[in-house]
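The first chain written gets the first letter, and so on, giving A, B, C, D, E and F; residue counts start at 1 in each chain.
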Amino acid sequence: MFDFTDRDLKEEHDIRIIGAPFDGTVSFRPGARFGPAAIRDASDGVETYSPYLDADLETVHYADAGDLELPMGNTEAVLAIIRETVDECLNDDVIPFLLGGEHLVTLPAVEAVFEKYPELVVVQLDAHADQRDDYLGIELSHACVMRRVSELVGDENIRQLGIRSGTQREYELMKGFGTLTTFRDDDLDEMVAWIGDRPVYLTIDLDVFDPACFPGTGTPEPGGIDWWTFNRFIKAMMECDIVALDAVELAPQLDTSGCSSVLAAKAVREMLLAVSPIA
Amino acid sequence: MFDFTDRDLKEEHDIRIIGAPFDGTVSFRPGARFGPAAIRDASDGVETYSPYLDADLETVHYADAGDLELPMGNTEAVLAIIRETVDECLNDDVIPFLLGGEHLVTLPAVEAVFEKYPELVVVQLDAHADQRDDYLGIELSHACVMRRVSELVGDENIRQLGIRSGTQREYELMKGFGTLTTFRDDDLDEMVAWIGDRPVYLTIDLDVFDPACFPGTGTPEPGGIDWWTFNRFIKAMMECDIVALDAVELAPQLDTSGCSSVLAAKAVREMLLAVSPIA
Amino acid sequence: MFDFTDRDLKEEHDIRIIGAPFDGTVSFRPGARFGPAAIRDASDGVETYSPYLDADLETVHYADAGDLELPMGNTEAVLAIIRETVDECLNDDVIPFLLGGEHLVTLPAVEAVFEKYPELVVVQLDAHADQRDDYLGIELSHACVMRRVSELVGDENIRQLGIRSGTQREYELMKGFGTLTTFRDDDLDEMVAWIGDRPVYLTIDLDVFDPACFPGTGTPEPGGIDWWTFNRFIKAMMECDIVALDAVELAPQLDTSGCSSVLAAKAVREMLLAVSPIA
Amino acid sequence: MFDFTDRDLKEEHDIRIIGAPFDGTVSFRPGARFGPAAIRDASDGVETYSPYLDADLETVHYADAGDLELPMGNTEAVLAIIRETVDECLNDDVIPFLLGGEHLVTLPAVEAVFEKYPELVVVQLDAHADQRDDYLGIELSHACVMRRVSELVGDENIRQLGIRSGTQREYELMKGFGTLTTFRDDDLDEMVAWIGDRPVYLTIDLDVFDPACFPGTGTPEPGGIDWWTFNRFIKAMMECDIVALDAVELAPQLDTSGCSSVLAAKAVREMLLAVSPIA
Amino acid sequence: MFDFTDRDLKEEHDIRIIGAPFDGTVSFRPGARFGPAAIRDASDGVETYSPYLDADLETVHYADAGDLELPMGNTEAVLAIIRETVDECLNDDVIPFLLGGEHLVTLPAVEAVFEKYPELVVVQLDAHADQRDDYLGIELSHACVMRRVSELVGDENIRQLGIRSGTQREYELMKGFGTLTTFRDDDLDEMVAWIGDRPVYLTIDLDVFDPACFPGTGTPEPGGIDWWTFNRFIKAMMECDIVALDAVELAPQLDTSGCSSVLAAKAVREMLLAVSPIA
Amino acid sequence: MFDFTDRDLKEEHDIRIIGAPFDGTVSFRPGARFGPAAIRDASDGVETYSPYLDADLETVHYADAGDLELPMGNTEAVLAIIRETVDECLNDDVIPFLLGGEHLVTLPAVEAVFEKYPELVVVQLDAHADQRDDYLGIELSHACVMRRVSELVGDENIRQLGIRSGTQREYELMKGFGTLTTFRDDDLDEMVAWIGDRPVYLTIDLDVFDPACFPGTGTPEPGGIDWWTFNRFIKAMMECDIVALDAVELAPQLDTSGCSSVLAAKAVREMLLAVSPIA
């Protein structure tokens, strides 16, 4: 079974896992703050070996830095702490892997990574566009995070997969910029070719999965992907140079069966294997 | 986000939503009485825009009449109130859209609609045949509702999709009358052609969905449809003249993740868009 | 509706259902002990008629022997009781159908059956290989049950379907012996041909289903099968001579919607129909 | 551990337990239909010996007749079945002990008992007065049951304990007739003296307990009694001639801890011991 | 049954109920945002008549202004909206009655009220001191709210009841200022005398109740009060001039039995009756 | 907030906390294996300062050794591991503080302690006698643990408080030996005097609490103690020389509100303060 806490930051490592248990801008149902702990707990019951990738976590050099202590109620202070932490990763030359928390935690991470990699490409898996200009007047909101990211790295450097919810305005925007793509094999191939050897920030809002597979999230949307589609996506991405990544929006208390946490832990395993220079 | 309670019966409207929170004949697990409230709550988190139909609820003239006050324990009085309410809709020239409650609420609605539209066709999505003559001696039961409807409008004017549970006798009956059809594209086309320009009562027992997508229902049956199949069905039905409709059997307390309520709310959105003369 | 307790051991019967509510070696999340009772409860809401097989349980001669009283905390005593009970079935010339409980209950059943049928073939549906030599030093563990079974009947007499979790060592083992196969139609045909007229022990760890369909199990694994795949499998197996069978690892309290129990009950119905000499 | 199903109606018995799983007139939260089954399940974990009464169920001659099959949706048919069943008990000279179900099941039982014992006294433990004339126009409702009982046996032959919820009108009525009393020792003594050797129907709406002890009920009311008060009451009642009794309104699915079911099972044990001619 | 939504702000009223669904600074378990809606839902099942106070809500002129729309993630904007809303109440000469949300919502309300009533006394029922200077560097936190209130109105103008959790430093502070008192009758009398005819802001953190009665709160603390103690407190306070009040920290999703919401609704009824000039 | 994991075994310490997550002999409802982790999680929300004892955990030298890895399914191996671990504590001259797990974990701990302290007194808080000779033939069962302990240290060296469930035989035994006592102040005084300066093993089966306070346990029994009674008990025991202790039978998943875990964590805090030579 794999277990984050077996590893230690003092060891040399290539990938650093960082819990970012923040859900302060969630408007509908909070609880993503419990995500990182639930993924760690569920990882106890998940094997280190992936039959999908025929690879084993035992060979990956990752470390778990535990959870950040984030001051709920002060969004800007929270984002500053995350940014600083990701900066440290980059200075230490390790790949930061954030576990959310809500999707807004992606923003400070992209800011830090973009500074180091100005040619950055962002690949977003998500049910929601997250492209609003503001939400109830708040610009730093989980509903606006990809708009902020787009303003930073440029709409032309973003690809969005799995989107199935947004305002008419958001869809116009996304269609205008051509950011939307699908999980069809040819579209995945096209995306990988388009990325080329540019550095990639991979952000996976786990609500990209169908609520049948992943009910434990604040804003579930019917019509999502299943495990096999995710596997095809991960295999495709193994050819890319992922320099930072995150998995967000698990709200484990909403799924009392624990299956959402198990899926998240197993997705994290695949992501670690996909990113690892060794695997 | 869309929210029924933004609308008001005083405004002019084409479609009237009516909550019918009755589950008094349910033999297995009650709770469909909480369905209409749960759909309203969940609608708060659902966008008005449908990327599937590229249409927006903002352009639809619907109103929410709230929930009927139904005297639990007196089935006949309950059915009389529903019938009267649907009659009023028809008199006001608006399309009634019932939110159940159990499937029996369909009966008085069909009675009212059939009186106005004697050439009525009934399209039923359901996991269960609901074609028993009686259940424990009771003829006004959710397990018999489609038998009663069939007796009224004629077996030859009914189409049933998604059925996967019934007695041997019920299956003989349905096969004899040829009421069963499937969600295959050619079968949908055939059904739409068969309907032609006849008026349609569309009744969707939400347990037609697979329990994976929709666990929040009293009598779940493995082997149901997914969201994409439902979308194809809705698109096909947009060519028909739906004069009344319902969505029944959400029992929200059985799905603590809330995903069933969200799916129901989103299905209601698609149904509103499909029925709307404007959409 | 079908209901185990309508039947009586005094009647003549071909198949005997035996509850084995043991989960004493489960390392992650216990609760499979509640499985047999949950299947019985859920069977109340399931029709006796299967539209998939066009067959009715009313014509099957099965009996329910109720639950064994098993001394939690003494694994060897538990296994001895199960073995003895299965022996009695075989002496009475009826097919034993165990309801688990955890997967370890399969071991004593196979032991008893193998003694009577030395040419036995074992067909395993499962998410997990269960091929470890030991688990935390324990050889009689749910994580090792198929290794014990393999040692008994020979690796060459086993087929495993649905496996998607194991150690690298377990996968090497399974690939070496060629025990792994799939649910593709041609693979099912191949397997049935390979079995020929040899007697079969069919063990179904219900976690072979995707957690979307079946969240109520101790160690869920994304990427499992759906109801339709199970149906194809059951139809294929109807040509084989199943002499004993089990369905294990339902942990009903982990799925508060009750859908897992309903699926299990419906799967048991199909299995009864598939095994019955009459159906 | 005590277990209803160990007993058999064929044995001679003094007390007959009858499940009445009806909740068809419940207006707020249904689920009392699951009460009898939950009490039976919980009784598995409850000892037969009561240290409070220093008495053992092993010495009591009771039998469990199982659950009545009641046609949900037809209140009058349900009440007729219950009445008939209680009549049979009285004809067989055994004490009927109903397990609800909602409180309305008390009405047909009192009707049957009153016919045999016209000098009947009714003692009601309850949080709610249940003295409305009608509820939403329905006279046969759980909210009106004690009004119906009062009309039958006479307000002067009723004592109500634990009441803490009602309309102003109901309180005026109860104060006018002097039916209200308390669990204070002197009030209990006074009540027992007032009863004398008249036959008693004891109806215990389990929501008389504080929701802290008994959250599993449809309409919880803060301010109820605890286990020790119930024990003092039971001891006081042992001097009376209880000829029929019931325990109603356990809705077990509302208390996922199962504690409400355990309390109900233990209360039933004490009631059996209190009523038994031997104890 | 009583139902907030029957009332309308257009009617004349003495007390205005305002939902403040904010839980943005909660560090442990969020969900108090769902409190106001849950109290409204539960009020459906609560009688308007209080047998404790022999008074009926039918005679009280209160109105429900619904929930404020609060921008999660921007604490200062949230507090500004609440303050403005309470200001409006005071301008309209009605008593504001806030339903939280977390305890921090009390701060802007006290600010507004204190400006109008500089001689204000604050009475706090709570399990927690809430007297920290800051929490993780945040001064506007639910854990600091009473420190902020104390700084505003003066420690000498505060009384705290039910406190059973705090740091050693907080206890020193509270003991130094003599703010702590108890629910003993003589202490209640002393407090009422000390208040005299000064205006009172009454803030009830519902976690003052024992978790047995009120498990539905973010930070439960064993050792709290029961319903009867609360009743004695309310009766004592009826002699005081309460000019504003709140009830906070119900997190209904943490108590799936719904009993916490019912207790909160019933407490709100008693508070309305206690405050009403008529009652 | 207090947090076990802040401490480190390398530091010098007086008390060592050891998680013993075993529930393998539980016959009714498992889950006590999740107890230690739940206590640690809940401790995050509990202050280090106890206003009851006016003492602070900051001044106590305790360490948390984490959870033992126990091979489920092999009771004897589990007990041997626990015994060995407690032996180590005693060799290191620190007080072992076990967190269960089921009550059987007390047996090996008492064995180890008794060897070092042959004049040992055992004080048991519990709802259940646990004095059966065997349970379904198993002598090493949670239902027999105190019989085994009694055989070891002698019935005359045991005191049992809070017992309210057992067989008639168990009560005869306990009365015969005079092991039963109560929480009345005079009885506590008498017990403390009787103990004198003998070393004490304190075992607290948390189901001694009333299910209202502590629903999260496998076999709840109405009629238990509340927090205040526990506090009086702890204060009384501070005069005794406790050389080892445990807190067992929290099954956190049975109480979804989390209140049972919070109470357990707070009880552990009080026990640490009571035992500490400094406090």
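Here, a contact is a pair of C-beta atoms (placed from the backbone, for glycine too) under 8 Å apart; a residue touches a chain by one contact, two chains touch by 3 or more.
Keep in mind that this is a model prediction, so the values were computed, not measured.
A.B. asks: As a test of understanding: of all chains, whose mean C-alpha position lies farthest from that of subunit C?
C.D. replies: The chain farthest from subunit C, judged by C-alpha centres, is E.
A.B. asks: From subunit B, which chain is the farthest off, judged by mean CA positions?
C.D. replies: F
A.B. asks: If over half the contact pairs have to be identical by residue number, which pair among D-F, D-E or B-D is the repeat of C-F?
C.D. replies: B-D
A.B. asks: Provide the C-alpha centroid distance between subunit A and subunit B, rounded to the nearest whole angstrom.
C.D. replies: Taking the mean C-alpha position of each chain, the two centres sit 38 Å apart.
A.B. asks: Give, as an integer number of Å, the spacing between the C-alpha centres of subunit F and subunit A.
C.D. replies: Taking the mean C-alpha position of each chain, the two centres sit 43 Å apart.
A.B. asks: For subunit A versus subunit E, what separation do you get between their C-alpha means, in angstrom?
C.D. replies: Chain centres of subunit A and subunit E, defined by C-alpha means, are spaced 40 Å apart.
A.B. asks: What are the residue numbers in subunit A that touch two or more other chains?
C.D. replies: 210, 212, 255-256
A.B. asks: Mind pulling up the subunit F residues that touch subunit E in the complex?
C.D. replies: Those in contact with subunit E are residues 44-49, 51, 56, 210, 212-213, 226-228, 231, 255-259, 262-263, 266.
A.B. asks: Which bits of subunit F are touching subunit C when the two form their complex?
C.D. replies: Of all residues in subunit F, those touching subunit C are 23-27, 30-31, 33, 69, 71-75, 77, 104, 135-138, 140-141.
A.B. asks: Over in the complex, which subunit E residues touch subunit F? Could you list them?
C.D. replies: The touching residues are 28-29, 163-168, 171, 210-212, 215-216, 219-223, 254-256.
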